[in-house]
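These are the structures in question, set out in turn.
Both complexes shown next keep chain A, but they swap its partner, so chain B is in the first and chain C is in the second.
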Partner chain A sequence: MPKFTLNGQEVEAKAGQTIIQAAGDHGIEIPHYCYHPDLPIDGNCRMCLVDVEKMPKLTPACTTIVNEGMVVRSDNPRVKEAVRGVLEFLLINHPVDCPVCDQAGECRLQDYYMVYGLHTSEIPLGMKVRKRKVIDLGPMVVLDQERCVLCSRCIRFFDNVTGTGEMQFFGRGDHVAIGTFEDRPLDNPYSGNVVDICPVGALTSRDFRFKCRVWFLHATNSICAGCSTGCATRIDHRDGAIFRMIARRNPEVNRSWLCDEGRLSFHELTRSERVIQPSIKGSDGVQTPITWEDALQSVDQRLKQIRDANGGSSILGFGSPSATNEGLFLFKRYLTEQLGATQFEFRIDSEDKKVLDEEDQILRHFDKHPNSMGAIKLGLISDDLDGIDGAIRAARDGRIKAAVIIYFNPLVRRPSDDEAEGRIIELIDELKYSVVLAAHKADWHASADVVLPVAAWSEEEGTYTNFEGRVQFAAKAIESAGDALPIWEVFAMLIHASGAESRWMSAENVFATMTEQSQPYSRITFEQTQLPGVVLASC
Partner chain B sequence: MKRAAKVINVRDQAEKESSFAKDVLGPLVGMGLTINRMVDNLTGKVNATIRYPEERRAYSGRLRGAHILTAREDGSPRCVACYMCATACPADCIYIEPAEHPDPLIEKYPARFDIDMLRCVFCGFCVDACPEEAIIMSRETELGAYTRAETMWDIKRLMSRPELPEFGLGYRPNEKLVDSTIKFVPKNKEKKRLAGRVTLKEDVEMIAHVTFDPTKD
Partner chain C sequence: MTKILLANTDKPDQASIGKYRERGGYKALEKALTMEQTALIEEVKASGLRGRGGAGFPTGMKWSFVPRNTNKPTYLLCNADESEPGTFKDRLLMERDPHLLIEGMAIACYALNCHLSYIYIRGEYEFVANTQQKALDEAYDAKILGPSLMGKDYPLDIFIHLGQGAYICGEETSLIESLEGNRGYPRIKPPFPATHGFLASPTVVNNVETLASLPWIVQNGGAAYAAIGTEKSKGTKLISVSGHVAKPGVYEVDLGYPLLDFINNEAGGIANGRNLKAVIPGGSSVPVMTAAECEGALLDYESLLKAGSMLGSGGMIVLDDTTSMPETLSVIADFYAHESCGQCTPCREGTGWAAKILKNIVAGKGQRSDLDLLLKIVDRMEGKTICPLADADVMPIRSFVTKFRSEFEALCAS
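Now for the complex of A and B:
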């Protein structure tokens, strides 16, 4: 643990840390373009120059490892003058087209110019070296060579993280530009990350292109619900609409990366029609809208009738691996304590059983649901049913008369998903009574006896348990559609409707009850579920 | 040493300066002026009221009236849909929808550009914020309409302004910074209009805005 002096203050660094990392840990930001915590160090941008005592020249902070007794200054006039000079060089051929650049507002060139630069450009626009603009680089990325500061972050990303090596420098001198060979598209499943890591507007997102200026957006920390990896993300939204999702750094799970499927998964929320009102099937077989109170009263009464007639084991709880831990916990609690149900299941197709299988070596998992491990840990799994096929067979045999089904459209769709929806129709058709909690309308909408609208991912707060048993919190970003309520609230109201005590006012309350009463979740606190999350002891 | 405050006895001073001419003739002179003005008004020699809309007061050259979207040489909008005006707008009355321009050097243009003239407070912040001088203001202030829909000006209306020659250009602080084309030829000689001062006679060239000199007035 070497101690060194940073801007006149004695601070401690971890062994092997560079100056820029140690300074960052102590809240001093040294300007940089090419340094990135999850990429190999390159040291080419020269923005992080600092003054180290007894070194004759300024030294880059990103490549210099802290030694015992080092005296570093990042704020003296010599450093500021050098950084200003470097910035002026980087801006020599910059086209200054901020008005049309999507990076404007979160651009490092703009930020550092306001802090370190504020110089007048000596090069008129007509004398600047022009390069190519608006180059189509596949489904995720648009390249503008003029805006590039040649930090090589994108090149290092493709060389070291994905290992595909698509990008490289081309040309010499002031004609150097980044690009792919013959402008071939970036078609690897992680190409969207270079948009996040590009500190300037050279690589911008095709999906987010011209959608919204970034300063209008509100950011909410969330967890990607595209697969069971549970990558930390930030949802940028405005007026109840999500505009983009970008990666948040969680060194334990996803580092700074996010796959393209996950990055675009939020579009799935608006792709099909939403369920906006509770509805109940009348005697004529047509769904009619109804208030929440009446709907829950009716659901509770009917389920209790069926329990009294056929016993609690005839009621099936069919959970969803896309629901939050809190929702699934109250779902199970209502069915077991109020109705005495014993049968639980959540797996719709065979792919869901592969919770731990990796799709590739970087992030993605085959299981495209965020909370399969949570459903397993909460006991929504039974060996005799073994998936929806067993449930359909049991319903056909008459062992199951009624079911409460939670179904969310998967945010990353696979060809097998349509089949999965068909399976649910099959199950509903075999049942005497079915209650479906869903966010989106689907074909089974007409056949279910009661349809209750629930809030989808990003519309409710709650925790998700990822493939390794890491419990992570996702905040609420936007309001839910229509009258939709979070799942935990629906079951809290159902518990209340059936006459038992129900005092949960928020997902945090439910989480507290869950840690007291559910064995796998014991001994963790709500604070621990924030970044980087907490791994369950039993995993 | 403490200085005593200087005391002026106003009443003594007034008595000292009092005279017959001041006390009796003064009010009469003043009344004469009043009566003269009354006669001028009654005979129509000077008229405080103008006959709007046949006559109009001329406004300052910097008046902030209805907006104009300026054009490039080929007639397409100069605007690049950067949202600076919408960001600066305190009334939140500008709605822009950007689209991809086929020319990579322009890159972005507004497919929609709407200004809600009922919400607009004519502060001119949008003109100040614009980096391209794509939005400027005219001197048009008569924006009456029969329906609300008509007060929502779209990009077509904001770009082609047939009524411009009548009113002329208004607030345009960055004229010299950017060379923009405005497709309208102002009339060589503007209509003579009455200014706000009642003392002006009809033939007198109007004063753009009333100046006040404290040393003389």
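Now for the complex of A and C:
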């Protein structure tokens, strides 16, 4: 652990750390474009030059390893002049088209200009090097070569993270530009990341382009619900609509990356019609709207009748691997404690096996649900039923009479999803009584006896347990549709309707109860579920 | 003056292996192979030979940085990417006496325990590469190179690699990148090529002239070489002189030879009876010297440094009193703007900007304030880049503008 002096203060660095990393750990940001914690060092932008005692020239903080006793200054006039000089160089051929640039507001050129530059341009417009603009680089990315600072982050991303190597420098001197060979599209499943890591407006998102100025957006930390990896994300939203989702750095899970499917998964929320109010099937077989209170009263009564007639084992709890741990916990608690139910399942398509199955070597897993591991850990698995097929058989045999079903559309769709929905319909058709909690309408809508609208991902807060058993918190970004409620709240109300004590006021309350009473979740705290999350002891 | 490198370059048949051996060729290699490898390095150290590519780093010391007990192979790369404007000495050696380079490389490879070596020749020198390749083929046929080096149990292969004409590939780490098949970008140092060079293995990059000096040193001993030249600049140096002299060409001088004597006696003086205005003594990247500064200056590393310039590659450009300094500088700046690889910011943007300002000035569209802007730009480039290319642009710009400011001002509107 070498000690060194940074801007006059003695601080400690981790062994092998570079100056820029050690300074960052001590809250001193050394300006940079090319340095990125999850990419190999390149040292090309020259913004991070610092003054190290006994070194004749200024040295880049991103390439220089801290040595014991090093004396570093990042704030003296010599360094400031150098940084200002580099910034001026970066701006001489920049088009300064901020008013029409999507990056404005989160652009490192703008930010650093306000801190280190504030100079008047000394280059006449006619002298600027012109490059190509608005180059279509496939489904995710649009390239503007003039705005590029040639930091090579995108090139290094494709060379080192995806290994696909689509991007490269072309030309020489001040005519160097980034691009792909013959403008071929970036069609690898991670191409959207280069928009996140581009420090300027050179690579912009085809999906988000011109939708909203970034300073109008509100940011909410979340977890991607696209698969069982559980990548940390930030949802940017405004007026109840999500505008984009970008990666949040979690070195333990996704580093700084997201897959393209996950990045765009929020669009799935608005792609089909939402369930906006509770409804109950009348004697005429038509779904009729009903208040929450009446709906829950009716559900509780009917389920209790069935229990009294056929025993608790005739009631099935069919959970969803897309629901939060808190929702699933109270769901199970209501069914076991109030109704004596013993049968639980959530598997439609071998989620318990797919949850660990890697789709590629980078991030994605085959299981397109965020919380399969949570459902497994909460015991929503029955050896007896072994998935939905067993449940359908049991219903057909009359062993199961009623079921409470939670179903969410997967946010990352696969062709097998339609089949999965078909299986749910099959199950409902075999049951005497079915209660479905869903966020989106689907074909089974008419068949269910009661449909309860619930909040989808991003509309409620809660924790998800990823493939490795890492419990991570996702905050609520936007309001849910219509009268929809979070699942935990629906079951908290059902427990109340059933006459038992129910004092949970938030997902955090439910989490606290869960850690007290549910074995795999014991001994973890709510704080631990924040970045980088906590891995369950049993995993 | 001693002829070490140019002893046989004027003989038309010297390129053939038969004539080369007849005149004592490959005797030094024979002798070297009887010596201990470490003794050979000591001999080179004793000779005081310094890198002739421009930097003047002591060759023996460079060799001694190479770790000797690693499980990685060691590579010797011959830098024949001679691209510095005004420099054309390596070309002469490879065209006229190609076996001298092969012999020098074989000696160096043996000393460094290297079994695979490349000659990186600039793309524009294809015809030179052909001559050199013919000599390599002859050396293989004569069983000098190949599985056993001159009959000794020591395999050695030498290959030629043609560059694609980028000045930057003369910088040793970009040369290595280019040889590896990558874009010719200089690497961040450390680590240095001595430990992490070609294919991440210990590597020595030496200039053609440096390597061609080795046979003589081995034959005559390091002490004999060290006896030539000055105290710190030992041996002989090729000077390729061009510009306004009566007899431009490549000359070999003992280091420490007076600059003006060289121009007047060797190069035939200023052509057409004109007067000397300025000299760029070491390739276009070194500071220009005024005629007054040339008085008393000697052709060696220390003396020229003291006179405010550098010996560099020995690519001397002599300018007479009809020369427009702004025009000359504009051509030089254009070259560096064109050749900047574009990797790091100050060089990429600075060289281009400076070149455009100079073009404006030459076209009569400049302003006097542009001169200060030029000096500000070069200040911001100097010492802030990955490789020395930016500095190669800084030195001429700063020296031309400060030493001949009135000429620039005369072209500028006030």
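Heads up, the rule we're going with is that the second predicted complex is superposed on the first by the 535 of 539 C-alpha atoms of A that agree within 3 Å, B and C clash if a C-alpha of one lies under 4 Å from a C-alpha of the other, contacts with A are read in each partner's own complex, and residues count from 1 in each chain.
Following the convention adopted for this analysis, a residue touches a chain if its C-beta (ideal position, glycine included) is under 8 Å from a C-beta of that chain, and two chains touch if they have at least 3 such contacts.
Being a predicted model, the structure only gives us computed values, none of them experimental.
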item	value
Side-by-side fit of chain B and chain C on chain A, or clash	fit
First (chain B), second (chain C), both or neither touched by A:Trp215	first
Partner chain(s) touched by A:Ala475 [first = chain B, second = chain C, both, neither]	neither
First, second, both or neither for A:Arg46, with chain B first and chain C second	second
Contacts of A:Lys133 with chain B and chain C, given as first, second, both or neither	first
Chain A residues touched - chain C or chain B, whichever exceeds	C
First (chain B), second (chain C), both or neither touched by A:Pro99	first
Shortest CA-CA distance between chain B and chain C [superposed frame, angstrom]	23
Chain A contact footprint on chain C (complex, rising order)	166, 183, 188, 337-346, 348-353, 356, 373, 379-380, 383-386
Sites on chain B touched by chain A in the complex	80-84, 87, 98-100, 104-108, 131-132
Chain A - residues contacting chain C, complex	41-47, 49, 56-58, 60, 63, 81-82, 85-86, 88-90, 92-93, 122-123, 127, 129, 149-150, 168-169, 171-176
Interface residues, chain A side, partner chain B - complex	97-100, 104, 132-134, 209-210, 213, 215-216
